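Single-structure report; data block below.
First chain written, first letter: the chains are A, B, C and D, and each begins at residue 1.
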Amino acid sequence: MSLHRPKPALPSDDTRWKLVNATMRRNGYADHALIETLHSIQNAFGYLDETALRFVAAALDVPLSKVFGVATFYHLFRLKPKGRHTCVVCTGTACYIKGAGVLVDALRAHHQVEPGETTADGALSVLTARCVGACGLAPAAVVDGEVVGKLAPEALLARLDRLDAAPAPPGLPASSRPRAPA
Amino acid sequence: MPGPASQPKVRVVTFRVDDQDLSAREDETLIEVCREHRIPIPSLCYLEGLSVWGGCRLCMVEIVGQPRLAAACSTRVIEGMEVRTDTERLRRYRRILVELLFAERAHVCSVCVSNGHCELQTLAQRCGVDHMRMPRRPVSYPVDSSHEMFRLDHDRCILCTRCVRVCDEIEGAHTWDVMGRGSDCRVITDMAQPWAESETCTSCGKCVQVCPTGALVKQGTSVGEMVKDQHFLPILARRRQPR
Amino acid sequence: MNTPRLTVATAWLDGCSGCHMSLLDMDQRLIELSERIDIVYSPLVDAKALPERVDVGLLEGSISNADDLALARRFREHCRVLVSLGDCAVNGNVPAMRNHFPLEQVLARAYRENVTLQPQLPERGVPALRQRVVPIHGEVAVDVFVPGCPPSAEAIWQVLTALLEGRDPDPSAVTRFGA
Amino acid sequence: MHLDDLAEQAATIRARDAETAHEIRVCMAASCQSSGSGQVLDALRAGVEPQSSSCRVKGVGCMGLCSAGPLVAVAAPGDTLNASRLYRDVTPADAPAILDNLGKPDPIERLHCPTDQPFFTAQHRIVLEHSGQIDPDSLDDAIAVGGYSALVHALTELTPGEVIREITTSGLRGRGGGGYPTGLKWSTVAKMPGPQKYIVCNADEGDPGAFMDRAVLESDPHRVIEGMAIAAYAVGASKGYVYVRAEYPLAVERLTNAIRKAKRAGFLGSQIADTQFSFEIELRLGAGAFVCGEETALMASIQGLRGQPRPRPPYPAEAGLWGCPTLINNVETFANIAPIVREGGAWFAALGTEGSKGTKVFALAGTIVNTGLIEVPMGTRLAHIIEVIGGGIPGGGRVKAVQTGGPSGGCIPRAHLDTPVDYDSLKGLGTIMGSGGMIVMDERSSMVDVARYFMEFCMTESCGKCVPCRTGTQQMHALLERIAAAEAGRAELALLEELCEVVQATSLCGLGQTAPNPVLSTLRYFRDEYESRLVD
């Protein structure tokens, strides 16, 4: 017995879905392409919303709960849109030893935001990362894709204040924009 | 009862478990052999008829000459092996593992519908857990009573994934899975929406029957009334094996 | 057998008194017990002062307020053997379910939100609630744990007779969490 | 293709390069890039005629001394890093001066970073031999320094068995942390029946404070590809995966580029070097899960699942990806393969110690003068690494402890700095080699705090599958919080130690089994720091 597996229609005529579809096609719509596909959605749209997750589940024929389980297991995947700006504080060992905790505390105090969250006005998302690999610049943070190192809390806050004045960068910061393999 | 010699290639091996000489097919696991010979091996995630998960770590046993402990559910018998299932060290470890489970969620037996029929509770008694040395993790989850027949209470869940496996492997619906990571893991239906809204659930109730605790129960049961029946599982598992 | 009589003190802290009811649920064994133990301090008897030296202290309930703590400490000080009786005493049980909420929220729920007449927080004549509910051993050292909600009369009987006979009590065969 | 053809090709490239008198190499690895080396490269390029015959400006990989970045080396084509004139903390404004200085006898004093200092001279670079010298995006550069010659040699002149024999002879042990003999692993996979087998390169470098693999991938990606291809030939695999962290976008980009170029040049694909051997490599990106460094979790992730480990056996060598025999090695292990095949196993085995052969790359970080990447022979004393190569503590302070092995490792106290660094000595001290992170701490660091930091790491990275790791790390973390805050008593310290034992003995995978190590090792050497905070 062979059962027909219908291909779902793209969720909308947004051209970014074509990129997502290309990733799946490249992998023959196999279920093991799930993580690759989630990456490509996040690259294209900035986060994974319910529409996207349902589309992937249908297109790759993976159970909904499995898709949701995978999307929530990996910390890089976001289910909510990000703020206009992002600040990723490195909490790797080298940065920790040199005061990453103070940076996080300063952000918490000054912007009323916990790591992993976005400020109420949607201006700033604060994240922490397990080593951005700039140990020589500890303590370091990645502000809108740009690594800034040897940071004192005042310097970080001042830097973020300057962002508020400037327009938001297009797309995602480079650091969170892994390229899919060709 | 074994059928006509359909697996002639599988050897039979002999070994010792707690000073009992035993023999079994070499593709059998320790826990299968021990259960067959009524040698008690505690476990909360293992269930005959479901795939091996290896998560609860309660079935750890000592194998003489091997420095690391082995999980009986995922260790195959080997010719000449000597297994200890009930040493002082193992008893101590099991006691702590059960304690850890009790401390992870709000397991309050006295107000649980599974009181008296709960595998975790029974195990605590058998392992000698008579008080809690560790503070409870200060997190509480909502109860999902949306389903007309069943109820999900995360505070009683030990993340054994029996529900996930029975739904996937026996029912074939894969309604359940686990979301999140670490202690924040939660069993979910579909996209973590209320159970009643699940598009894939067939309401077969197998997940409720295999759940070792009061996490998945029938609606309308009160304290101590929820008795589970798992006899269907090995039968269905055999029926659904490709022949 | 001529065993010496034991002096026993009992008290309930944050509990429902069910464990004490269970103690009274021993039927004719209660008479037998009364010939071998003296209850020297208890809500069940008139004596209102804890003697200087007591052989066995039975504590029901968890430690939830300042008075609970003070009494638990006095029991520890005066009792040779301290027994944690019942789930509230050994693991917090129902009283500890409030630990999931901040104390202020708990008080507001009980004395303001659910009250129609004169909602106000009690301040006089009642002991102050502690931030967190803990089992007895969370504050004082405990010698014997008797889980159960409540532990059966049989379990309590076994513990007391073991102590009378100088054995280490082990009620694990007859009681458990939830019982 | 024959080896001679490749050698000829390399000679042609070298001759072409030699027509240029000067090569200006700008470090374009992640650390220097974050201090602005990209702008330095642009400024230098702007100052040079596009078709200049006297000077070529190129971006290269990591030169090691990350704390002095951006680094710029001026060299003659083909020169090694140590033979070059190195400049530190270079800004775009320095470009004219550097260009102006070309060919002059003395370097620019204010920028000069002498390469005759111990940081450079005391190293022995095999894995990093061409790192900081070649352009990682240029296949020509790789070929010019012998890239793919070991692969062609193996394919055309050695049997798979002979390749494995060389690896076994070399004594190479896995560089990802476990230290399992590589030759043994390869021969196990080789013996498994086909038809489908897989090669997996573990580039999910997750230890905080470790960036060895990232540097290798960013600096010399072809070396890793070559190692994987040789391994595939040796064990009979036709498909490979590189599982790399998405947090390393630069490494991903360069690897993607390198795979494409290697394929176009016929070093990947079908009938490589005109033999019957075919091999494809695909990249898979992690998504922020430390546990995926564990091999069974990694395989689950490649298959698109939650990255949760499963019980072993069966080991990946028997049943790995999609149930097929799978060889998993980490980046640095694969990066050692080409030199071993090229120079012979005996050559490699002559380096290092009895039980630990060859060299090891370490990422030096923390409170130390020379932060960066180094490669030393196995058996080098810790004190030598810290005091001589690393330059000691800034301001002349005292080393309190050195943390190795990340969240699975431990702290080595000052008193043991004389220990030679090899798998077994470190194990004897209660820590592990790990993947090569080395964090130096001075007297100001609290060891209870360090233990708590790593426990928090393990707690949030626990996959949640097994009870001891999921809940045990959480309870241990809570206890460490209480001890750090001076709220805990002796009974709680005893409970912490008991939990360490249980979690170590019963956890499903390496993450949980080693999670107690930072606590156990700090308790072993700094017990007084714990006890002084107890309240009863």
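Keep this in mind: a residue touches a chain if its C-beta (ideal position, glycine included) is under 8 Å from a C-beta of that chain, and two chains touch if they have at least 3 such contacts.
Each chain and its UniProt protein: A = NADH-quinone oxidoreductase subunit E; B = NADH-quinone oxidoreductase subunit G; C = NADP oxidoreductase; D = NADH-quinone oxidoreductase subunit F.
These figures come from a predicted structure and were not determined experimentally.
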Pair of chains joined by more contacts [C-beta pairs], A-D or B-D: A-D
Averaged-CA centre spacing for the pair chain D and chain B, given as whole angstrom: 40
Averaged-CA centre spacing for the pair chain C (NADP oxidoreductase) and chain A, given as whole angstrom: 53
Geometric centre distance via CA averages, chain D-chain A, whole Å: 25
Gap in Å, rounded to a whole number, between the CA centres of chain B and chain A: 35
Residue numbers of chain D (touch at least two other chains): 289, 306, 461, 463
Residues of chain A touching at least two other chains: 66, 69, 73, 75
Residue numbers of chain B (touch at least two other chains): 133, 178, 180-181
In contact (per the touch rule at the top): chain pairs: A-B, A-D, B-C, B-D
Residue ranges of chain A touching chain B (in the complex, touch as defined): 50, 53-54, 63-69, 72-73, 75
Complex contact set, residues of chain B against chain C (NADP oxidoreductase): 102, 106-112, 115-116, 118, 121-122, 124-125, 128-133, 136, 138-140
In the complex with chain D, residue positions of chain A that touch it: 30-36, 38-39, 62, 66, 69-70, 73-77, 91-94, 96-98, 129-138, 140, 146-149, 174-182
Contact footprint of chain B on chain D as seen in their complex: 289, 306, 310-311, 313, 459-468, 470-475, 478, 495, 498-499, 502, 505-508
Chain D-facing residues of chain B, complex: 52-58, 60, 68-69, 71, 73-74, 76, 92-93, 96-97, 100-101, 103-104, 133-135, 137, 158-159, 178, 180-185
